[in-house]
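First chain written, first letter: the chains are A, B, C, D and E, and each begins at residue 1.
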Amino acid sequence: QDLKFAPGEDARFNWASFDSFKANHDLKGQTLKIDGPWGGVDKALFETVIAYFEAATGADVDYSGGDGFEQRVMIDVEAGSPPGIAVIPQPGLAADLAKRGKLTPLKPEIGTFLQENYAAGQSWVDLSTYPGADGTKALYGLFYKVDVKSLVWYSPENFEDAGYEVPQTMEDLKALSEQIVADGGTPWCIGLGSGGATGWPATDWVEDMMLRVNTPQDYDAWVSNDLKFDDPKVVAAIEEFGAFARNDAWVAGGAGGVASTDFRDAPKGLFASPPTCYMHRQASFIPSFFPEGTVVGEDADFFYFPAYAGKELGQPVLGAGTVFVVTQDSPAAQAFIDFLTTPIAHEIWMAQSGFLTPNKAVNTEVYGDPTLKKMGDILLNATTFRFDGSDLMPGAIGAGAFWTGMVDYSGGKDAAAVASDIQKTWDTLK
Amino acid sequence: MEQLFMASATIVIGVFGCVAYFFLSNLALDSIYPPRGPDAGRNITRAGAIRPWLFLLPALILLCAYLVYPLFVSIWLSFHDATGDSFVGTDNYTWLLNDLKFRESMKNNLLWLLVVPAASTFFGLIAAALTDRIGWGNFAKAMIFMPMAISFVGAAVIWKFIYDYRGDGQTEVGVLNAIWVALGGTPQTWLTIEPSNSFLLMVVLVWIQTGFAMVILSAALRGIPEETIEAAVLDGASPLQIFTKIKVPQIWGTIAVVWTTITITVLKVFDIVLAMTNGQWGTQVLANLMFDWMFRGNDTGRASAVALIIMLMVTPIMVWNIRNARKEMR
Amino acid sequence: MADLKLSNVEKAYGEVKVLKDINLDIKKGELIVFVGPSGCGKSTLLRMIAGLERITGGDFTIDAARMNDVPPAQRGIAMVFQSYALYPHMTVRDNMSFALKIAKKTTAEINAAVEKAARILQLTPYLDRLPKALSGGQRQRVAIGRAIVRDPKVYLFDEPLSNLDAALRVATRLEIAQLKEAMPDSTMIYVTHDQVEAMTLATRIVVLAGGGISQVGTPLELYERPENEFVAQFIGSPAMNLMPGEIVETGARTRIRLANGGEAVASIPTQAVDKGLKVNLGVRPEDLVATDGIPLFTGDVEITEALGEVTLLYFKRQGDSAQVVAKLPGIHGNLRHQTVRLGADPAKIHLFHNRRSLLYR
Amino acid sequence: MADLKLSNVEKAYGEVKVLKDINLDIKKGELIVFVGPSGCGKSTLLRMIAGLERITGGDFTIDAARMNDVPPAQRGIAMVFQSYALYPHMTVRDNMSFALKIAKKTTAEINAAVEKAARILQLTPYLDRLPKALSGGQRQRVAIGRAIVRDPKVYLFDEPLSNLDAALRVATRLEIAQLKEAMPDSTMIYVTHDQVEAMTLATRIVVLAGGGISQVGTPLELYERPENEFVAQFIGSPAMNLMPGEIVETGARTRIRLANGGEAVASIPTQAVDKGLKVNLGVRPEDLVATDGIPLFTGDVEITEALGEVTLLYFKRQGDSAQVVAKLPGIHGNLRHQTVRLGADPAKIHLFHNRRSLLYR
Amino acid sequence: MDNIAGTKSSLVWAVHLATAALVLLWVLPTIGLLVSSFRDRDQITTSGWWKSLFPSEQNIVYRAGAADSQTQEGTTWVIVGNVFEAGNGQVKAFGITSKAPTEFAPGAVADMGEGVSATVAENGDYRLTSTAQFEGRSPRLFVTSITPPRFTLDNYDRVLFAEGIGRAFINTMTVTIPATIIPILIAAFAAFALAWMEFPGRALLIATIVGLLVVPLQLSLIPLLKLHNSLGIGKEYVGIWLAHSGFGLPLAIYLLRNYMVGLPREIIESARVDGATDFQIFLKIILPLSFPALASFAIFQFLWTWNDLLVATVFLGNSADQLVMTGLLRELMGSKGGEWEILAASAFVSIAVPLLVFFAMQKYLVRGLLAGSVK
């Protein structure tokens, strides 16, 4: 089918990588099924990438995806009819599949590639290295398309109208919040509602806070439960979140509304007249839920969710991403993983929208819009990059007890009690 | 056009395959034991012993494959760990008994079982009684039946919209809050207020199931002999007394069937809770707990244990139905 | 205990008038029986009296009070339905006390009334049973009991016995008769299409036909002096034989020559002008007797039905005339296929012209 | 067109034997009527013959072929149900042709058979109607038609007329009689609890009671010489009067002194040993006649029922003895509350000891 | 009942009113959804649907026309336009900063500094003037206005003309029709056997079926898909038909058996005497007579399969030739979940067919087919 960008035409693209991949792979007549969480726009975008793979190899790739992916892939894999490649948003789920022996390890070259080309390469390797069914660790996945979560969205003009500056440190951020309250405004919009997944936005807050009050090592220990959930360090992070979310003066609608406000509706306060809030901490995907016609970079913009200047923990960045794993080994599946190591596979999507990559080998000039590039820069400038903790924890915690706990916490329950409940659930999982 | 043709072809093949089975198997039975000729009597008796099973066979196969087999798998899984690999004895059940969420779910489920079948049947009965008496009854019926045509998830969305909360200072877009404010209250985050939030969720299921109850009960009401009602009129009973003392007692049997069916729906329903609160704020129910452990916890062992508890809760209904079936057969 | 009066009452379902010009006075203490062919409007009339059907024209009064728009419960009536209409979910006791409970009587009053009624109807042992555990006759008695306890001014019965078997029907009929005896002041209206019931129970019978009243009178009046062919054939079983003929001699007694060749004398006076009048001669099967004189009728016996005490003779039809039936006392199995000559007492002969009896001109 | 034989047939539902020791020979061309009180097992016996109930003991043969295990359809029988049991979703024509279609008859054959049956039963105009558009009598005729078209060896009727009103019942009864006439070779078994039907239709009546056969005989045999009190009271309406008494004189004629003080002579021979035997004297209401001699019975008339041709006299009960009824021809309204002396022809008097007739010792 | 003398008309009115109240209560949520389906997303979340039916006060943030639309009038540069791009409205007040959005009355001239001033007329016409040429981002105007009801068909446009909706409709039909007919057929045979045929173990079987009513189907998904895979019908229509049939069977058998035992015994015996085999009795007598029950169950089973997503997700692929309506709608709603307006519109699109089915079958729900066959 049509290729979005004609090979060889736009010099910003690394066409050489495409040509060499094409030269080395011929998979005519083979088919590959890919299942993933992307539907709608993302699906269409990913399909433009797939088109290049198909053009290069002659293979036929069938991507089917969308909501309910986690359930679907689990059922399909368990029932013995897995897709060739699964695109998994939660490394925790990938680890679980690996442990059940449902994944095929990737070639060791991929590990080398990651270490050499990805920013903070080792951490990406670690994120996709899991023990298999027999307990031996191996690299099972390749991260492709990541999101940055440590972002605060705001309306530059509202800031201008009120004379506020973008804060550079957590201390500044808190001072700004006080200032806004003093001026009669409300600094934050926070919404945790998400239907069946209500609570997840709070986990992002807490993770961001973990990275801002504790060391990255503590963070890693926490994710693996070596640092217990009810450890004072964790409780402190939760209370950091509480300092924002449980402060009636700081959140639009008051603390009581936090848990029930839908996360998709929360940012709308930024654009109301008069604005109901000035800032909104949320990941890079949130502009899709801004009011229609909102132009990012003009009507809305973001800044890095800053770290405490006083704590010397650097500029930690919380992120998320999708990991490609081979659920049904075949030459085509292996070739597709290979394809994802080429710069061109990243650049095609970069040049459009909604795509960030930690791959340093790509030409960042290709980014489709300046905002993306700015986010990419946050990613590349990170002194610490950590993956979304709840996605790494076991599903029962990361997509269960943690969510529920955060909802309870924002409803007024004591942080220590919430943490200990979560830890209790975790204990039963062993 | 081609797709349309293919679709109709698949439909025709599917349905006719089914018809063909019954037809051909009966034909086969009749040719093995022909109901004619010298041995006709014996043949017919023999065929008569086989034929019920011929009729039941597809149903039994489907039931075994789709319900009994998974049931046994579940029992087996409930004694195994998350991946179903190693035997863990009754661990899953002991975990269950100590789990706070499980206790909460049990408590809520009992509430649901008390409220939803009763309320749905009650409203269904009222709706049936009222709509049978007026000219535009069929239209009214269709309107009350309409929620049945909406998926559970769709219904959950509709109601979430009604319970919506925006916080003070903003205009409320949820009807409940709008009414509440009009009555002088301050907006509430309805879905987070325990324990009334559970009831707000039940309202959704009642809203849906009333149509079902109404359709079935209205047929039953029409079957009541007119004379008993006229006798009551002559006896001086008011319309309300006629309804409660004469009509309702006479359709008790149908009410019981409706009640049973809704009870079972209640035990199985998870979509509504999942979509509206996901069991948070103390609204967890068993079916959603199971769904949680199945697809979030990826723990088939625990999910199965919860499922078996759900099945256990239906035992009283089963016993009652067995008794009824026995009674019918004299 | 009430007088009922129907004046020009009519009933229309939409365009269709099923009853019209009903005029009837019912005196306190009467037992009126409505009879008539199926679909003639007996039940409808009864239900209008009960208030279960709206009266679409005319007036209906009880004790001079207009009742047209009074709801059923206020009319002081009680009704016994053909299908019993017992409340299936209530015990006999509850069935009988329902109306009293509705009327907020005290428990003592209720119990007294129910037990009295149960004693009258011999239902005492069954008071705590459900209707389904009763036999048909007992159910019917419960239905009557339900009426009695209310001590109504007017009792209405709509074919109360038609679902009972023959033996029970006789027994229950007697019970109703005795009930009436016991309550001489109560007014009763009774619908049936069983003549024996009508004949035995009624103080007066109302014959309905074709949407109106055909004749009103005591049972014997109707039997002995039917006003028209319809009543003549409707009352008595088997039905009265009708044979076409012509008046050949008039006077205090009338001589008729029949189309089938027979001849008869009736003790009905006629005038000279009537000579040659085409009439239908009616004679009841039980009034036909074997004769050696000039026969009224001569025919071949086609079927005999021996009922023990009497024998019915069915004669071969001639052409398309109606079948003639005779009823002879005793057993006559040997008459089959024989030719029989029958005559009748002049006093037992009826003459009809234009379907109306000459007696009533 | 078949001989049926029941030998020691019995029926048990679980532990309960509802029928036992049924022995009966039915000859080709007979019309056998089963009568008996409700619940005595008439329907059950009929359904066993039809094959709808399993025979739990004994043998049942048709034309010497054992039928116990032959399914209904192969027995060559047709059955008419009390409730009609028409197929509600089929037209009259389809109802009647159903069995023939099942038997894979050609369309021509089917049409011929259906039309012939419709003609016999005067159903031709209704062939394309659904059952719900028919009157009760028409529905019953369709049910009969459904039996006729199959041309079965044996017809079974289970109270076919009990749901019809009086007039229709008489008419349909005659139709069945004529049908039997028309098919002299067919065997019919007919269940009823209407005596008139039993008396008029049967070649032989089988009286069932208490799970067994009480008496088998022609209608007149049963009427004139009942074997036991049960049959005596069951046949005839109103039932035979029974009065307790004692034999005081024996011989070719027997003299009885009654407990109520009356006296009677019966033309039943007795031996000397019988003197002093306590017997029940039976006399039918229609056999009681006013007498000036020594009365059989003297009593006060409590109720009279004038049926036109006859009058029933109900006498006051004395103590707890049964009520005595007399049937006098003609109209006697004036006898009410009078004392009447009644006697009877010695030939019409029955004597029972231990409930069995002395005639049959 | 209507014929009874002396019935008060107030009672009749009470019945009408009570019914109306009940109906209103029941449709109110749906009406909200219906109205919402004609609004756009921002409206839905900023004002109650009931307000949308009337003119409402709204606070609009309007970005003035871009710099390249400016014209020069003498020395001043001017941008003109109307703040109500779609339709009309009435301006109550306006402002130039988010801090004071209602500072100026309509028609007043607001000084925005640096030689820029703005004015908004009552009808929404605005005029920006500047001494220097406008550059870059154009300024915002904050307008408080009375806006008449505004509705849009966009949501339906998106749902009805979404890519693949036609195909999805056909797919859904391909799933639902056999998945409705097959279980009814199979259940009817089974119900007949359980109601009218004698065989050992009947009562036990009935009880088991009642018990099976509650097996939660979520539990069965993995073992069953495994089974399907091993049978080679992994993700094909046959599989989902069987699955829906299996899950619907217990209730179908339960309801149908309950109905069939109520049929008059004599009719069946009569057919037996007429020589019909059990198969013929079933086909020619039971099936036609059970039509009301079959129709009721058909409605319910149709609704369930029509609205099902879970079973379809598992037993069917989600490629274009197998994607069902519910699946497609879910995709339309965006990868992050529900969007009110699409959900609202799609709910009405997907209600249409089930309601048609209900109206078509409703008359069969009435009893009375047995009239005339037995007294």
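For this structure, a couple of remarks:
Here is the rule we use: a residue touches a chain if its C-beta (ideal position, glycine included) is under 8 Å from a C-beta of that chain, and two chains touch if they have at least 3 such contacts.
Here the structure is a predicted model, which means the values were calculated and not measured.
Annotation of subunit B and subunit E: jointly contacted by A, C, D, touch as defined at the top.
Of all chains displayed, B has the C-alpha centre closest to the centre of the whole protein C-alpha set. The highest number of C-beta contact pairs joins the chains B-E. Centre-to-centre spacing of subunit B and subunit C amounts to 56 Å, using the average Cα coordinate of each chain.
Rounded to a whole number, the gap between the C-alpha centres of subunit A and subunit E is 32 angstrom. One finds 39 Å separating the Cα centroids of subunit A and subunit B.
Multi-chain contact residues of subunit C (touching two or more other chains) are listed as 51-52, 71-72. The multi-chain contact residues of subunit A, meaning those touching 2 or more other chains, are 71, 195, 197. The set of subunit E residues touching two or more other chains comprises 4, 45-46, 222, 224, 309, 338.
Pairs of chains meeting the touch criterion: A-B, A-E, B-C, B-D, B-E, C-D, C-E, D-E.
On the side of subunit B, the complex with subunit C involves touching residues 225, 227-228, 230-238, 241, 245-246, 249-250, 252.
By the touch criterion given at the top, residues 50-52, 71-74, 77-79, 81-89, 98-99, 102-103, 130-134, 136, 139, 146, 150, 163 of subunit D touch subunit E in their complex.
Within the complex formed with subunit D, the subunit C residues making contact are 37-38, 135, 162, 165-167, 170, 174, 177-178, 181, 193-196, 199-200, 219-220, 223-224, 235-238, 284, 286, 303, 305-309, 312, 314, 327, 329, 331, 333.
By the touch criterion given at the top, residues 69-71, 73-74 of subunit D touch subunit B in their complex.
Contact residues of subunit E toward subunit B in the complex are 1, 4, 11, 15-16, 18-19, 22-23, 26-30, 32-33, 36, 44-51, 167, 170-171, 173-174, 177-178, 181-183, 185-187, 189-190, 192-194, 197-199, 202-203, 205-207, 209-220, 222-224, 227, 237-238, 241-243, 245-247, 249-251, 253-255, 258, 261, 277-279, 282, 292, 296, 299-300, 303, 306-309, 321, 326, 338, 340, 343, 347, 350-351, 354-355, 358-359, 362, 365-367.
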